[in-house]
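To keep things simple, chains are lettered A, B, C and D as they appear, and every chain counts its residues starting from 1.
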Amino acid sequence: MTAALELDGLKKSFGKTEIIRGVDLSIGKGERHAIIGPNGAGKSTLFNLITGRFPQSEGHIRMHGQDLAGKAPFQINRMGLSRSFQITNIFPKMSVFENVRCSLLWSMGYRYNFWSMVGRSRALTEGTDRILDQINLTARRDLPAGVLSYAEQRALEIGITIAGGADVIMLDEPTAGMSHSETDYIVELIRAVTEGKTLIMVEHDMGVVFGLADQISVLVYGEIIATGTPEAVRANPKVQEAYLGEAMEVH
Amino acid sequence: MRTKTMLGLTTALTLAVSAFAAGADTIKIAFIDPLSGPFAGTGTNGLHQYEFAAEELVNKKGGVLDGDMFEIVAFDNKISPKESLIQLQVAIDQGIRYIAQGNSSGVANALTEAINKHNRRNPDDRVLFLNYSAVDPALTNDKCNFWHFRFDANADIKMDALTDSIVSNDEIEKVYIIGQDYSFGKAVASAAVRYLGEKAPEIEIVGNELHPIGKVKDFTPYSRKIVASGADAVITGNWGADMVGLGKSVLENGFTGPIYTYYAAADGITAAFGDAGVGSLRLVAEGQLNPPPNDRASEYIQAFKAKYPDGNLSQARITNVIEMLAKAINEAGTADDVVPVAYALAGMEHESLWGGNLMMRESDHQLIQNVHIMEHTSDVVHDHDNSGFGVKVVKTVEMAAADSPTTCEMRRP
Amino acid sequence: MDLILVNLIDGLVTGLLLFMLSAGLTLIFSMMGVLNFAHASFYMLGAYFAFQISLYLGFWMGLLIAPLVVGVLGAGVERYGLRRVHQYGHVPELIFTFGLALLIEELVQFIWGKNQMPYATPEILQFTAFSIAGNSIPAYKIFMIFISIAIFIGLLYVLTRTRVGMIIQAALTYPKTVEALGHNVPLIFMGVFGVGTALAGVAGVIAGPVLGTFPGMAFVLGSIVFVTIVIGGLGSLWGALVASLLIGWITTFSKAYNLRMEDLLTWLGFTKPEPIWDSAWRDLWSITSPQIADILPYILMVLILIFRPYGLFGKRDA
Amino acid sequence: MTDQLTTDPTKPAQRIGAGSLTVPLIPWVLAAALLMVLPFIFTANSAITIMNQMAITIIFALAYNMLLGQGGMLSFGHAVYAGVGGFACVHIMNMDDFFAQIPLPLLPIFGGLMGMGLATIVGAFSTRKAGTVFAMISLGVGELIAACSVIIVAFFGGEEGISGDRTYGMPFFGVEFLQQIEVYYLIAAWLLISAALMYLYSRTPLGRMANAVRDNPERAEFLGYSARWVRFFSFVASGFFAGVAGALFAINYEILTEENLNTTQSGLILLATFLGGVGFFFGPILGAIVFTLVQTVLSLQTELWAFYLGIVFVVTVMFFPGGLAGLLMMHVPAMRLGKLGRLGVPYLKTLGSGAIGCLGAAGLIEMTFHLRHASAGDHSMTLFWITFDSHTILPWIVAIAVTFVGLGIARRTAPALAEAWNEANTPDGAPR
């Protein structure tokens, strides 16, 4: 069985600064994989490399065995990879319903269709409503997304990310800036909507990480210093030393 | 005609139509020319000349027919062919039968064609086109029609006179032709080449070029070329800012010979040249202001300057338009049916306020008149732009090009 | 050939004039991300103000006062207009400055009318500095060159050698950080906008007498200034300088020499269709370089945008 | 407050726009009926000319808004697509044999295809980026093609343009399009067809994605759509309808010139569209109507029309970025609550007096202008149907008084209006 996602000697430099310094990682199908690490370790850069936002300097990224080199974000998305963003990245002027519907269009085969009415497709409307229901935003359906509360926008962000039915889901700090109750709500949401899919997430909240992930990788200064189950990573002395130290004591 | 207002909606649309509704005893002449935008100065000045001429030459003398007065109705065409057609429609709708326009041959081409079509499609409310300033030769040649009358000498006729003047000047051996890149500029250039070739093949044309119209910020490179070519004289059809820009730049960069022009007077141009233009600027035009041709003309100019101190009597032909139209209406006995008026105008002879005879040639509706070569000087009685400078006639071609050929095949109703 | 030297000087004058406009525009752009469509309108205001002042106090006072007035006006536009529109995003900002350009043109016509103003060079500079092969170089042109270079050096000095310049340069790249350091970034923005428009004002003051002071002067120059900073690379002062000189020389030389498309096509191995006036390509064959001189910058810009979207010296995408 | 705005999903009738399954037909039927009867209300030929102009501008503005409003692309050179479509149609009119074979009403299709063809070429490189880069390329290409129009005389006819005769086409059910009114109905029909098509386009997947790309191109890329291709298709579609507008222009005026292509024309359509409002489909329609009226009717009344237009435009950009349509749509919540009527009196007080104040100010401007630029000795001027001497003090006092009293009352009553506004937008019984 090929891995869902495979990184092989991945490097990225901005000018002379090497941000990602050779990452090898294999994420299996259906795995829930969390990437943790201190600020500035290169977690978001890693995400951006995988999703085609930046080109890598060296190395390979393979999804289901296919090389992603030189592919644009939309091409990677069409191959079944979808991501969310650390800073909420939705369509603020469009309604919540529209937001979700737009994220369904490509996967439902509409592509650059300009001859059929979106409003006429029952399947599309029902599909959108189903996702709205899943992310608990049915009541907000017709509001402009920009007026939602922060937690609701985060939920919408996740809704948009999963709507297209991608089988590899990447979430960048889904609970950043949330209160405890909001975090619990989002964690439950993530658990529900990524059922049966490969999940890769960057997260700072260790509660979330240990609650959700099957596997954890620790990224420090552009290198992965440990990968394994939560227990193994927790026990890893290198991790303890490099990063977790005090942070772990708290939890 | 007043448009009925329905549903109590006195909308702006109706306003447009009814705003100019006036009494029955006036003969309205639509003045369609730019009254806003970059050429508004020229347009407004022309409008004043029309209003003054109608008042002074017709209305004060008791009007035409049974005391019908002339009224000039102004329409702003923003020097756009499209706007002109809209304004033409508005004018026709107000029952106006006479359309006067002059600025830009492009607009004139659009109007003459539109009027031709209109008259063919609507025989009940035909109109006449009194073109007082658009000099593209095509208007009285290939594009001529029965409804169009041109009161200015066309570009060819003027060039004929202008080249005569050049040929008679022994000091001119090399000529540089430069103009704006459009129909009129090209017409001027080809006429210059043709006439010089016919009259004085020994005169060398050392440059013949066109520059983009209204877009050149700095004419220095052109004047460098002119100076470097060793030309003794420059011929240009430039007008407006292009005239000022080219002329000033040529003089500034060391050119000392004569510059032969069509439109280097009034509308701020005379003031802009001032002292620099003396001895160089030559102008070919009809209508003599200096030396004053007769007392009547002088009185007329003084009266105009009294009413419009900032204005210029820059288009003497406007008085010809008004006088000849009045005469034609009287001869035809009607102002409503333009066909007899047109027949009366065609072939009409008239003595101009500015001296000399006028003859509206029947074959192409081109007015045959005296064409003058003038020079820019301070030795004038009537100046332009209140600058102390003006144009003075130095040479006259009587009834210029009276027997010139035309390709016009006019269809008459 | 002597003419080359003459044209080099002429092109330099045009280029430096363009640079005074594009320098301000590019400063404003790199700081605020706003392409000020109305920039050339401030140039026009400079010329008109200077003309008005020169009627009473003479040319030199006009040169001194008019740019200051323009700068204050510009700062006012930033403070009360642009800052308000800023919240809606860049496209409305661009539309705002576009509307402003229209309004200023109408305003100028309202106040001064539609004719060209008799704004002339000062008498003290109305002589021929020197002549090259019969072509005279007016002293005023030399004066223009000196003023432009002085301003460029002054600008460079302020930006690289003074504290204010350091803050501005920092604010260009890290506005948030500079603000956090306690500097009043909105005030800096206003100041830069004011200075940028004042520079345009200076250009207007010294160009008005030679290029004409009329309501269309902004429109004629406006889009060329845009083209300049796009070619140079949005936000790059050196780019603006290089592009200005490039455009100055390209347009001057293509006007000064009659290069014909016919020669080029023949050289490329095409045969001239006969008879030429009946061919659909007749217009292509008859093109000469002076005819297209003024659209060359646009062609250059489109090519640059296609092949090098960030311009000659640009560091980032707009 | 936001809670109050939430619609109840169990009542489909309340679902607005986005979710509804049907395209509302009633406005279209009303529009068609209105277009039918308008010539019977405004019978004058010049009124029909203005309405023709209006209809053409509406199509063009709607096409422009496909870019600006729906696609977020600001173009300073869109006139070239309309212009080139129009030029192509005049050339077709002049191809005697061919033109006699096709009925005139089909001509706009050719214009549209021509506009579309050009848009395809230009769009291939200009739509890579939105925002400033797109705006600059559009300006450059626009200037380039406009400048070429005087150089490439074979196609564009140089400065004087080219003209044709629409009546040489094949008669369409016996109609030869000799009269303005016949042309009116042809244009009206095309207006309905084009507007409907453009409306429907905005409801297609591509149309929806154009909005998404406008709001957040990066996010759209991560949803499987190439922002560039979405922009490209919008651009091409917009080019088609611009070409249709150009073709109708050709049919109506039978002449096309350089000014159909130049940046002034492109700027005007931006002005009209933005004034109307880019946020709503009907915004450009409103804008085109108002703009055409200002251009053709107000310009007959005052030389300063462009000055006023400039002021209104700048004020719109600064204070009402939603344009006229945005202003109208602000009243929808109050209308839903059935409280629109409560705004009537405060509006009358504030806006009424404000309008009078503005007219007073306009009067002052006109008088200043007359004082400065009228010919000396010409002291009499006519303003609002009153003729008076602009060199006496009385009219000035009156104008100043009207201005200050009008604006003063507006200012005084503004808080009351704001109060009434809040009131009207708050459901009864809601906590304030």
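Everything that follows uses one rule, which is that contacts are C-beta pairs under 8 Å (C-beta built on N, C-alpha and C of every residue); 3 or more make two chains touch, one makes a residue touch a chain.
What you see is a predicted model, and the numbers here were worked out from it, not measured in a lab.
The minimum number of touch steps linking subunit B to subunit C comes to 1.
Among the remaining chains, B is positioned farthest from subunit A, on the basis of C-alpha centroids. The most centrally placed chain, judged by C-alpha centroids, is D. Between subunit C and subunit D, the centres computed from C-alpha atoms are 32 Å apart. Here the spacing of subunit A and subunit C, counted between their Cα centres, is 48 Å.
Once the centre of each chain is set as its mean CA position, subunit A and subunit D turn out to be 43 Å apart.
The distance from the centre of subunit B to the centre of subunit D, each centre being the mean of the chain's C-alpha atoms, comes to 36 Å.
In subunit A, no residue touches at least two other chains.
Taken residue by residue, subunit D touches two or more other chains at 147, 151, 306, whereas all remaining positions touch fewer. Residue positions of subunit C touching 2 or more other chains: 109, 113, 291, 294-295. Pairwise, the chains that touch each other are A-D, B-C, B-D, C-D.
Those residues of subunit D that touch subunit C in the complex are listed here as 68, 72, 74, 76, 125, 128-129, 131-133, 135-137, 139-141, 143-144, 147-148, 151-154, 263, 267, 270-271, 274, 304, 306-307, 309-311, 313-314, 316-318, 321, 365, 369, 372-373. Subunit C meets subunit D in the complex at residues 35, 81, 84-85, 88, 90-92, 94-96, 98-100, 102-103, 105-107, 109-111, 113, 223, 226-227, 230, 234, 280, 282-284, 287, 291-292, 294-295, 298-299, 301-302, 305-306, 309, 317-318.
Residue ranges of subunit D in contact with subunit B, taken from their complex: 41-47, 49-50, 53, 147, 150-151, 158-161, 163, 165, 167, 178-180, 249, 253-255, 257, 259-260, 293, 296-301, 303, 305-306, 375-378.
Residues of subunit B touching subunit D in their complex: 1, 3-4, 6-7, 9, 12-17, 19, 35-37, 40, 48, 75-76, 78, 80-82, 85-86, 89-90, 92-94, 105-106, 109-110, 113-114, 117, 121, 136, 181-184, 186, 212-213, 215, 306-311.
For subunit D in complex with subunit A, the touching residues are 2, 5-7, 9, 15-23, 200-201, 203-209, 211-212, 215-216, 218-227, 229-230, 233, 237.
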